Amino acid sequence: MAIRLEKINYIYSPGTAYEKHALKDIDLEIPDGQFLGIIGHTGSGKSTLIQHLNGLIKATSGKLYYNGENIYDEGFNLTALRSQVGLVFQYPEYQLFEADVFTDVCFGPKNLGLSKEECEIRAKEALELVGFPEKYYHQSPFELSGGQKRRAAIAGVLAMRPKVLVLDEPTAGLDPKGRDEILEQIRHLHEQTDMAVVLVSHSMEDIAKYVERIIVMNRGEKMLDGTPKEVFSHYRELEQVGLAAPQVTYIMHDLKECGLPVRTDATTIEEAAEEIMRSFHD
Amino acid sequence: MIRDITIGQYYPADSVIHRLDPRVKIVCTLLFLISLFVQNSLLGYAIATVFLFWVIHASKVPLKFILRGLKAIVIILMFTVVMNLFLTTGGKELVHIGFLHIYEKGLRTSVFMAVRLIYLIMGSSLMTFTTTPNALTDGIEKLLHPLNKLHVPVHEVAMMMSIALRFIPILLEETDKIMKAQIARGADLESGNIIQRTKAMVPILVPLFVSAFRRANDLAMAMEARCYNGGEGRTKMKPLVYRKRDRAAYGITILYMVVIVLVGRFVPFQIWIF
Amino acid sequence: MEMVQAKELIYEYEKRDEEGNVIGMSRAIDGVDLDVLPGQFVAILGHNGSGKSTLAKQINAILVPSGGTMWVDGRDTRDPDELWNVRQSAGMVFQNPDNQIIGTVVEEDVGFGPENLGVPTDEIWTRVEESLKAVGMIEYRSHSPNKLSGGQKQRVAIAGVIAMEPKCIVLDEPTAMLDPNGRKDVIRTVQELRKKKQVTVILITHYMEEVIDADRVYVMDHGRVVMDGTPREIFSRVEELKQYGMDVPQATMLAEELRKRGLDLPRGILHSEELVEHIMALKKR
């Protein structure tokens, strides 16, 4: 059990005209090594939620435990927490600042007070984990392509060797190939290490393809929590809050309505194809 | 955090002051500020007070908003009062405690200086409360238009000001994001001495500048794509035109100025209640 | 006459080393032919860096050809006397919603283009009002753009272009930075505008769902047009598209998977309904 949230509430700008109850009584457990997806439309509270996970935002009320310790307790080391729960923001390449990629990736470990050698070992390891080509290690981050910049930025967080990696829309603005590459790399990462991964995404197709569990956020509340199959079976409710199931789920429902004896819980193209073929062979 | 800072403190309300042409508000505010310095008598300040509070009342901006602006100058205000109170000599000695002396002239100067400063802030914040930043920029552009003949790029400067107003909130939000991203990478922005803290700003300032340049580049392109070609040949969606109320406002302010100047000239400095 | 026509278009830029010395030329566009008829909806696909955005900027004369010719509404974009006419007849919407809104109030931003064109004040107001209505943003006319969502900002940007009364709108990845709902809003707005105003639309994107209704699709790679045709023709060549770093709509992909598994489905299925129909027809046989 890595992270546990208990009745977390967060209110933006309390007492002003802009007051907003961004999170309401959130209970959530993220076990070690899980691949978790968070979906919700813009303003549903998902960004606020993930910023709680590494203590960037302090809850207005409620408790957040990391490995059993309440992070709001006095004397809790937040920097240590931030190295354990790595947070990759949207468009993370906008945080790159050093003259070359390698030095930039060293920034995180350096902040943890590690020796130069250790920083370099970790930076190298992180860059390898994201599949960043070695020939660009000493190039300026500003000269790279969009996809490479993003890898470098993710490596900058991985270099702290987090136990939980949280990614806020890691594929935003990338083209289809760049998107698939980054997501495959994240899957690979998850398989290779014992890291838990929290993926925030707008793409139901991506979420369905990669994660083992989905949290649906709506108006600051946790609306649904389950496996992709469970969550997407509630596709009517999802539509009501401005979300949707993957397109294949709809196709399966349509087929069933037309009289094809198929199960409707397929969420990926593979599953759908298998299921349709099965109905043909029976 | 940083997003709480607001630039331009416009208070939306529907009042005659809000509807005035921004040029009127700029010119009249300047005249009012001058009026505080051309006289130095109780009668003069009484007239200025009536005038100021009458306009505030007409503006429908709650007084507490305007007074809030004074918080920023509390220290300067106290400093001025104390300096004048103890260092100005002349007139009767009023108080004598140890090495501190307060003279009549000192008391009077310090009170008047305080009133001047307070009215100065109140007058100018009334202008910003009742005028949108955009209208202000338009007003300044139009007022400074004659400088065009001296090859001062008035239109360009005004355009820059209005673009700055649009992008300040965006850049503040961006700063917030970058700060959070670097804190998430273990950056320590709060502890250490001044040199360490300045150094800690590099990971924030570099991305911020890069982003600001990128935005500037994009924006320049977007403006060109929409046929922007400097001020020449441009028409205005909201041209500034003086209306009856604007002329009336000028009239009232000029009348006020005349009275104040006369008071300054003929009412002796020494009218003093004590 | 073509609304937009390119003949053997080439665009080169100087490559510089760290000291800023020119070390060679790089070709962003390499011999592109393009024909867009008035009223058409044309989509240009391509991965990042394929040259599609550079091509878009040629249509608005933000960039001009190094070789070959680009005509917009019959005007050569390299003719400096025609520059403002070209930009007026081909309006442009960019990717980043924040970096193309100039005004601090929605309606003032929409008025920016007409102001630049020297349109009389009264007419600016009519145009602003009509344009904001056309994109469904009229109730936000006196709002600050900073408080709007990404999709709303893009619709304001589109209104800003419409207010200049262009014959053609070029949208350079207008949805790349939006969430799915914002994306749908923007695409719906563009489709409605096409119907209402008969305006030519050139959409640059890498979202396949957005190009299904296009009259013609061009796919770019390395500065060249590598595929062109109707969406059905293009999406029937799934493997080729993948090779150029592109995706296909999910329905098309599922049809492809089923075909691989032996189902006799036609190529180039675009919509879910079509797929369902074909599968049911096969089942009944």
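By written order: A, B and C. Residues from 1 in each chain.
Criterion: contacts are C-beta pairs under 8 Å (C-beta built on N, C-alpha and C of every residue); 3 or more make two chains touch, one makes a residue touch a chain.
Small disclaimer: the values here were computed from a predicted structure and weren't measured.
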Exercise. Tell me, please, which chain's centre (mean of its C-alpha atoms) is farthest from the centre of chain C?
Key: B
Quiz prompt | Pair exhibiting more inter-chain C-beta contacts, A-B or B-C | solution = B-C
Quiz item: Which whole number of Å gives the spacing of the CA centres of chain A and chain C?
Solution: 30
Exercise. Provide the C-alpha centroid distance between chain B and chain C, rounded to the nearest whole angstrom.
Key: 45
Self-check item: Residue list for chain B, restricted to those that touch at least two other chains
Solution: none
Quiz prompt | Of chain B, residues touching chain A in the complex | solution = 4, 174, 177-178, 180-188, 202-203, 206-207, 210-211
Self-check item: Residues of chain C that touch chain B when the two form their complex
Solution: 57, 60, 62, 84, 87-88, 91-92, 94, 96, 98-105, 107-108, 111-121, 124-125, 128, 145-146, 160-161, 164
Quiz prompt | chain A-touching residues of chain C, taken from the complex the two chains share | solution = 47-49, 149-150, 176-177, 179-182, 206, 208, 245-247, 249-251, 253-254, 257-258, 261-263, 272-273, 275-276, 279-280, 282-283
Exercise. Flag every residue of chain A that touches chain B in the complex, lowest number first.
Key: 13, 51, 54, 56, 79, 82-83, 86-87, 89, 92, 94-97, 107-108, 111-112, 142, 156-157, 160
Practice problem: Could you pull out which chain A residues touch chain C in their complex? | Solution: 41-42, 145-147, 172-178, 202-203, 205, 242, 244, 246-248, 250-251, 254-255, 258-260, 269-270, 272-273, 276-277, 279-280
